[in-house]
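Shared between the two complexes below is subunit A, which has subunit B as its partner in the first and subunit C in the second.
Here is the complex of A and B:
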């Protein structure tokens, strides 16, 4: 018995000796191997920042989803082999893939036949379903572990078409060969131009995971963490409600007027913050495919010739330099000769006695050119520059056009016959509205902005720098011009009616200016007599400005009732704004002024 | 404990001893040794040691099952995270009842029941192969009754040990002939082996083989026989291995390590787990291997998880506990005088410790993988229940040490005994001898054919004589065993032969 006892103890000691070998001498090498088999680098996604409007309502945000993928070739081999080895115990691949496809149809609502075609293809790797709910993906991968689920994110645009031309669209990119860099990136709009700010930096960490399932992290094994830095949220100056109203009504109006396209902007009269920036065409970024034409933002990228709206430059300059006063009376003939060109008014008339106000309210080309001549080309050119024409506003949207103003040195004799009446130069609807913002803001132009702030992942809010205001004219000049332009909406009996009495809003004083610009006929390279840009710029209310509205319609049917003026749309927009922001009524009614002396 | 230590006079616990300990560092060691010896010299020391080891193993086992099983448990359809652990706890509760039964039922009753137990297990081993049994993981090894699953092979091990010892002890001197040594124990054992291999259950067969070899060894079978068995066993292993793919791959894997995939996967994962543990371990519950890396981590390979979570120190603790079983079990065997108790205690001890050594051996990579569980620690219902029954019988044997019998009979059952309502143990009553077949009773071994017992040239009595400590029972101040009642108190030699 002693022998046995010794034998037993020796047996135990032998295992102890082997333990010393395994747990001490060979431990580092073995540990390194075991570490390799179970540690996994887990990518930590950086959540792409949201884009919200000025009230915090989201225009775009990210949602985590899964994409299911499969290895048909390898799985076919594996299942068929298992079925051949243990018949009855395992399905063959045909039966197994049918089960999987059916289950996917039940859980995900996808078409089983489509799935089956993918599963039974000869490909090495296929994506089965994109962008599905993580919990549903989990249901599938739990039952069919050979289906792998990639973590992805999709961008959700809760407003669909709302502000889509501004916000743009981001989608999942896999062009980088390093899969860790696969992420959401912007395709258009702010999603594209602010990509660096929105995207953030993905991180990673090393964890130990369960055998066969990298999704199960063993508790307490997270290490070497490089934290992901989420993207910043971007706060826009857009007001979603106003944007929606403008988009809907602009599109409806453009349709009614038969316009090829239309753009409009609403900005704050004092800060230049853009409350709404709309085009008649927009797209739904939630849909899988987009109409390229609708993705553009012509409001900032397509300049046009403004027409009579540009007469405000002459108005400002002539008041600023003391050339005239609103009530001064001018003799306005039916036409005027500038260099080698003869310019007519929009309506034929003989010699008229018009007040300065009347010249602008009735939009007399001849009267405007007379005043412009007295301002002189140099001071006029300087005023164009100070109003920001020919320069980008720097609103913060991609693809902004600076418009075009011929440099003073290249002016021909007739140039000065064109520019004061808004032909021969081009501007975006933003630039146009910005000119009127100068008038509304007592002579200080604040370049328009659409990005209000960045909200960092830590919650800190970084206000975007406010652009420096530019003093364009003396405050009194701006007020005088603003008051003059009230007459545009004056609905007095002939001949004291302005060009846009439809723009008037009962209870509010409203300033504005209509414009009708001839487009170039691409065939003849001359100004067309049927294709126009119909424009309108307005200030609400004129006595205490809150908003500036700019509208442009491209090639409406000029002969149709809605095709020759954008004033009715301005009226609707102004009415909406007045209600939405509870704008106090003007203290006094707009005084009726004399535009034209009776002949 | 060695006889030498046990033999120290208890009366030496005087002040001189402690004084000495204060004076010399050497004396302090001696003092500790002395106190230890004094404690071990108490009549119920073996009994208390068995209880202590069982308690420690049970707690350690439950703790490790709780740590190892949640992942596997949660992945099993229809179970929660704690299902395996709760089952194990219930089995330990059931095992505690069996432990108590094994401790309480008088040994002579157990002995008299052993032939029926043997018959019953053989029948149940046959029944399990019929549709009455259930096939789990490719082995027809289980009876499934409601939520319970029972493996009859575990009971077969115990029955073989009890019945084998009974038969061999009854045969007595007849064992000198090969015929009596081998029949009927070996044929019955072979029948059981065959039945178990039909399931198939290699691990169960190996353990049964260990029980058989232990029985033959303690019955005093000649070494030559073991040589034959070893050769036959090796041939059997080769045959079995070649006959079955998974066993062959296990053996090949053992002979040619380094292959990380396939058959070697489990062994390698066990080594990884042990290596990750290092000296102090990752900490209880922190093991990584249980996250599906190490298959069967909660039963066959739980020792690897002990190594990973509790480190080398935890492993040494487990090895130490099983070494303690070896020492205490053999001490119980040596100190008893009833030859059946001696043989049963020794065989059960060998079974438990060998099973642990084989399990730990293959976990650390010393042996090829066989599905043998680690007693008391591996999750597994029948194994734990039967092991606790074995501990109960072992503890019962400990209470039958003559000194314990005397103490219990003279001083009452003590607190523990009262609590468990343990009956006083019966003193050994040697069987009435039949008249010897020969006129005289020559020294044992003297009449053996030389061919059978060539190595044993010295008669047993003569060989044993020097080992008997003349101080026994006389100068130790113990309560002397009741000599008058049986005339053979003290430490007589076993008349029925066998190894000491």
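Here is the complex of A and C:
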């Protein structure tokens, strides 16, 4: 009995010792080993938010795809060994890779020869095909388990070139050494500037799984969960249809006019929301390579000298300060001396009797400068500032230029002979349209915006703060100027025709202003007589404004019929907008007014 | 901490339990031997075992439970420790064994064992179910993934066909052309209809396809359906009402 007892005690002691050894000394190593056998880290993708237009039509969204990869070196060894060991039962690598390549051609439509070249290369690791449909990838990986499929996402731009300069492009980035951080990121446009909002944060969790199958999670073993946070959707103020129309027609018009480039914007007359912002050049973000030159957004980044469109500043100031009335008659000579410069009108004439309306409708430089001098440089400079010139509009697009206005302290004698007629200062097409938005909105300037709202992953909609309106002139001043500028589109017998009767739209009152600005000749550093910026800014309808349109053409062929005015394009755009938004006809026709007294 | 450690602990606990059982077994055996060989329980040998008071009490209680007489002398080896219990222990064994009590003990044991078995079976069944469910879940997840892929694919197709550029292309293929400036029919306050604008045939753009250009703009006669439609939508009171020429 004693022997039994001793044996039992020894057994107990041995067990105890083993227990201590396993629990105290080997525990970390053992648990790590078991962990490796069954635990797996499952990555959870964060879906990048979509970019949608004001009607909810997507301009950009993400699609989950797979990228197939292979280990040619290891697989060659494995298959050849298997074939050598069991001849007849296994293919050798040559035959196997040929089968795989053929199957990939059948399922994925890729070139079998190209695939074969990759499969038979001496590389350790190759990517076979990028960005394929997950179901097709599964067909391949089910049949050939040695092919591995990486989860990726691609950005789809259903409209191709539509708003591509605004939206930009995002692609799959693998620069981070931690593969868990591989994700879609923006390269240009809003995709780049709103990347933080759109991208979201990928998550992951550690689970215990059935060996070899990450799908079968042992219940209750999910741990270390870091939830994936999807990106937010971004709602733009852009209307896809209007954007498409403007983009197509601007590009066609720029081509017809032989312009180097062109930009245009359509914005809401009251809220400053941008309905369309177009350049004549755009790119297709769905293509694998992009034309760098076409990826920029000159509409916000390239300022230009506006020309006569800037006469609206003088018009606003001279009415606001009670210097003149629309029907007051002025004596306008053929030229005017400002400091050491002589400024002419665009057409040669002697002394004319022009109404204030006539000065702006016929775009007389001399008459405008006469009025500007009565306004005075200080009040004029102040008006430029209040209209937002020389300051970024804060539209929300990357790379916005503030344009340039010489500070009042640096004006020379002739500066005040330049600025009122739109030379010697520069602005973007947005700033130009914003000036006319002030006129359309009864004197309150609302800085333009292009991002309407953010839709969070939980579905809550966060409206972007609307900018505060800035009172620039009295409401009556804005209405008077708006009515005066209707005469620009007046088509009446000589001498009462405005500069842009082509801009008129039957049934609607239209206000607008044409502009032709000389460009600086880079060789002589003087204003050129053949290179111009052709501009137009208009309000539709003038009696109850809904939209403001701004257009600029860079260096069109001035002598061609389409190269000297952007008014026909404005007409087409206005006609489209009137139909698309069912804008009610103006209550009365535009009254015909006297622009110039018969001499 | 991690599961394996837990498992190890359990295993250890199991081992400990086993050892315990072995010990008890040994003790029981020892007990059995004491019954068979009472001579080994000679009072001279007792002090060697040096049982604690608690152990003594436990033995006493067991002896009482088993209702045997020879439990008595063992307890009595230490007189004076617990005279009351001793007295009870003395008195009970003298009675006849009660069969009812034995039956209830057996029932109790059977009950405990069956509960244990049921518990173990339930646990097993539940965990089997959980595992089976996790396979079902995996299948369901795969199904959901496949369906959402399909939905995504279909959505993608719809979106790409729904985009402005695709629609414009389709319209062009169908021979449609932009309508140009429409003419409007305006119903005056007096009910008279006047036409604003100049209705024109829409013209196909310069490079036409081989298909015959379709004229799409045929203005309806004045005061016809367009004006009626107009009056419906606006109430027909003001002069600025217009009917759009859907050309």
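Heads up, the rule we're going with is that the second predicted complex is superposed on the first by the 553 of 599 C-alpha atoms of A that agree within 3 Å, B and C clash if a C-alpha of one lies under 4 Å from a C-alpha of the other, contacts with A are read in each partner's own complex, and residues count from 1 in each chain.
The definition used in the following text is that a contact is a pair of C-beta atoms (placed from the backbone, for glycine too) under 8 Å apart; a residue touches a chain by one contact, two chains touch by 3 or more.
Please read all numbers here as calculations on a predicted model, not as lab measurements.
Comparing subunit C and subunit B on the residues of subunit A they touch gives the larger count to C. In the superposition on chain A, A:179 makes contact with neither subunit B nor subunit C.
In the superposition on chain A, contact of A:524 is made with neither subunit B nor subunit C. When the two complexes are overlaid on their common chain A, residue A:24 makes contact with subunit B while staying clear of subunit C. In the superposition on chain A, A:5 makes contact with both subunit B and subunit C.
By the touch criterion defined above, A:158 reaches subunit C but does not reach subunit B.
Once the two complexes are overlaid on the shared chain, A:218 sits against subunit B and subunit C alike. When the two complexes are overlaid on their common chain A, residue A:15 makes contact with subunit B and with subunit C alike. When both complexes are overlaid on chain A, the residue A:506 reaches subunit C alone and has no touch with subunit B.
Legend: residue contacts after superposition of the two complexes on their common chain; A:34 is shown touching both subunit B and subunit C. Residue overlap on subunit A between the subunit B contacts of one complex and the subunit C contacts of the other covers 4-5, 8, 11-12, 15, 19, 22-23, 27, 30-31, 34, 208, 213, 216, 218, 220-221. By the touch criterion given at the top, residues 4-5, 8, 11-12, 15, 19, 22-23, 27, 30-31, 34-35, 57-58, 61, 63-64, 133-135, 156, 158-162, 208, 213, 215-221, 240-241, 243-245, 248, 505-507, 575, 579, 582, 584-587 of subunit A touch subunit C in their complex.
Chain contact summary for the complex, subunit B toward subunit A: residues 71, 214, 217-218, 260, 269, 271-279, 286, 288, 291-293, 307, 311-312, 315-316, 319, 322-323, 326-327, 330, 333-334, 346, 349-350, 353-354, 356-357, 360-361, 364-366, 499-500. Put simply, subunit A touches subunit B in their complex at residues 1-5, 8-9, 11-16, 18-20, 22-24, 26-31, 33-34, 37-38, 208-213, 216, 218, 220-221. The touching residues of subunit C, when paired with subunit A in their complex, are 1-5, 8-9, 12, 15-16, 19, 22-23, 26, 130-131, 133-135, 137-138, 141-142, 145-146, 149-150, 152-153, 156, 159-160, 162-166, 168, 179-184, 186, 196-198, 238-242, 244.
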